[in-house]
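You will see chain A twice below: alongside chain B first, and alongside chain C after that.
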Partner chain A sequence: MAVKPPRVWVSSVKPARGEVVRVRAQIEHLMESGLRVDPAGNPRPRNIVRSFEARLGPQLIFRWEPGIGIAQNPYIEFTFLARESGELLMLWTDEANATQEARKTITLS
Partner chain B sequence: MQRRDFVRCSMALGTALALPRARAQTRTAVPASLAPNPAEFRKAMADFIGKAKPLETGLKLDLPVLADNPSAVPVHVTVTLPLSDTLYCKELILLAEQNPSPLACRFQFTPYTGTAEAAARLRLSQSQTVHALARLSDGRVLAARQAITVAASGCGM
Partner chain C sequence: MTPFSRRHFLSALAAGSATLGCPALVRADGAAGRVVVVGGGFGGATAARYLKRLAPHLQVTLVEPAQRFHTCPFSNLYLAGLRSWDSIGHGYDGLRVAGVEVIHAMADDVDSARRTVRLSTGQSLAWDRLVLSPGVDMRWNALEGYDEAAATLAPHAWKAGPQTQLLRRQMEAMGDGGTFVMTIPDNPFRCPPGPYERAAMVAHYFSRHKPRAKILLLDAKDNFSKKALFLQGWKARYGDMIEWIGLSDDGQVTRVDAGQREVLTAFGQKHRADVLNVIPPQKAGVIAERAGIVDASGWVPVKAESFESRQVAGIYALGDATLAAPMPKSAFAANTQAKVAAAAIVAELTGKAAPVPAYANTCYSLIGPGYGISVAGVYQAEAGRIVEVPGSGGVSPLDGSPDFRAAEARYGDSWYAAMTADIWGQPG
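After this line comes the complex of A and B, so read on.
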């Protein structure tokens, strides 16, 4: 998997209660679909990001299961309603079970 | 004058020889597995909808009409119905009708999310219709779709 850390943007890390927080995140990943071939004509083995999970503290708030129809270097954007403070943990897992994670602390203002 | 004619002639000959070869190479590089899979598309639709009757309201699907880069087509989906602690969107899927693997991705939300909005970038193999289906916690299924024109295949990239 990629060496560079995930790129994460959060609309506000100090949201008011009830405010909609928007999160954009992207990692580097080839998302090898299994449909491509190498120059010798052999198929390249499939390896895509199979899940993305976002948790605020202990609560799961968003889950994404990409298929092979998702672009490489997968970009994901989601929103949630700020109701409590906590650490926003984002976790990517690919089909080779390699993981990447990113964290942001959300504090209600 | 003679030299100019010679150069022009050899250039034309050169391109004539080089082009078909380059074209043949790109053609062999695209595997036959990029063909659409209508059976899998119908199955994915039926599996998600179940016995519910899809409603054509409350789900906003936003994507360009023309995909200038088919290997990364921005798609945005939002459930526009008012959501509450008891009514939330459980699951939302994106389907690309003519892709070799039509189920592009699956989004899942929980009561803690409070919203139902997501965006991602798709790879599209050809011009087609993109479908979005959302299942709410009360069992309702919302549907939205939009046709998109694709300039070139994105799946082989």
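After this line comes the complex of A and C, so read on.
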């Protein structure tokens, strides 16, 4: 089954300079903790999202390292101060090095 | 559709009727017995009519509560003001003349062991074969806060009837500059292009009467039928009036407050509406559940060759209630499924080999007067599954010429006239 793309909501893609922009983002990911076993009793190999990064242009504005306590389909909400226009890039990387990304263009009004 | 696929389709149809045998042979064999058909819409009324046509000695009874059946197809044109309410209503005199017994009642329960169906009038009908074409019912409260009471404030208008007229009255009462919000469910649901045609038809009405109005579509999915064509058509005819928000952009609505005309999305965003049109998740019409032919999905699994239920022998199901993917839940699909089921039933009752089915579908959608688009498909049964015939079907070209769009709008009108005459018209 195809994985659905990340879901992202941004409070404003055309913020005023200095405005606080709120971002809500979620991906579909099993977040396999490594603590579970399959029906045969073998451990299911651990694979969680190890890193989430948000950049505005080249500038890193937010980084998160979810642990195994985070449930499947991890959701993250953060804010940043709108100082310049640019492309907001969100990147999720799991322990199998599979990535998902989402982009929003932020333009100062 | 390519010329190749059309030929293929016609030859498949011809093969189907050859296997079926001509009506004279059926009469000689005396296809006796009684078939009860529940639901007088595109599936059921077609089945009743074609059963009688293929086997005139068969007793065919159609059970439908409405004296006049208003069609979902073209009900969006009624919302736009392009069609009168009466013009999308059809009575059952044509079927009666064709020899079908029509009973205006609800079917309340089915006893599949004793082969009877109980009606709201208290009457019980015995059947040798039962055809259920119940359409959809809403899954009340599947969307938090959206139940039958909420639908009187925020209509779904997804069954043509009082709900459709209520939505139209709300559009008329809305002030210029108001916001029309529509929430759209994930697949599967009745009429995949329907919400997007409705957006265009509502925009047509607003562009003439309330040019400052906005239309906001909150969708629980990222892709939809004829998406590129709709986005292009909306822009061409209505500029920025229609805004569509898909799943990736937090378009999924999780809660409805019909009293406040407010909806809440998965990420907690509130949208306020002046007119709120909630198209909720759906399931097969409730009589299908009573008959025991529905599976855990809420829909009816059917045999690809005949549309007989996979769960109960002797019961056939048609149209929107069925799991017939890749065929969409559309009127045209129900019509061709009904013809196949009618042929299969007559073959079975006369001890003939089952006919080879051929299925077709076209969905026309209107963006505005003189601007139509379409999607078409041809299907066959293969190893117990319905599959699209390779190379058949297709959608209207993107960037089609105005002449092309105008022609498709006319084809849509002709489709409606031909289809309703085939089903409800006086026998010719």
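The definition used in the following text is that the second predicted complex is superposed on the first by the 107 of 109 C-alpha atoms of A that agree within 3 Å, B and C clash if a C-alpha of one lies under 4 Å from a C-alpha of the other, contacts with A are read in each partner's own complex, and residues count from 1 in each chain.
Following the convention adopted for this analysis, a residue touches a chain if its C-beta (ideal position, glycine included) is under 8 Å from a C-beta of that chain, and two chains touch if they have at least 3 such contacts.
From a predicted model like this one, the values you see are computed outputs, not experimental measurements.
With chain A as the common reference for superposition, the partners chain B and chain C occupy compatible, non-clashing space. In the superposition on chain A, A:A102 makes contact with chain C only, while chain B stays out of contact range. Using the contact criterion defined above for the overlaid structures, shared-chain residue A:G69 touches chain B, although it does not reach chain C. After overlaying the two complexes on the shared chain, residue contacts for A:K4 are found with chain C alone; chain B is out of touch. In the overlay built on the shared chain, the residue A:S33 is in contact with chain B alone; chain C does not reach it.
More residues of chain A are in touch with B than with the other of chain B and chain C.
Angle at chain A between chain B and chain C, computed from CA centres in the superposed arrangement: 100 degrees, to the nearest 10. In the superposed model, A:Q59 lies in contact with chain B only, and not with chain C.
Look at A:L81: by the touch rule set out above, it reaches chain B but stays clear of chain C. Overlay on chain A (Cα): least separation between chain B and chain C is 12 Å. Only residues 28-29, 31, 33-34, 71-73, 76, 94, 96, 99-110, 112-115, 117-124, 154-157 of chain B touch chain A when the two sit together in their complex. Against chain C, the residues of chain A that register as touching in their complex are 4-9, 24, 26, 102.
Within the complex formed with chain B, the residues of chain A that make contact are 20, 33, 35-37, 41, 43, 56, 59-72, 74-81, 83. By the touch rule above, chain C contacts chain A in their complex via residues 222, 247-250, 252, 265-269.
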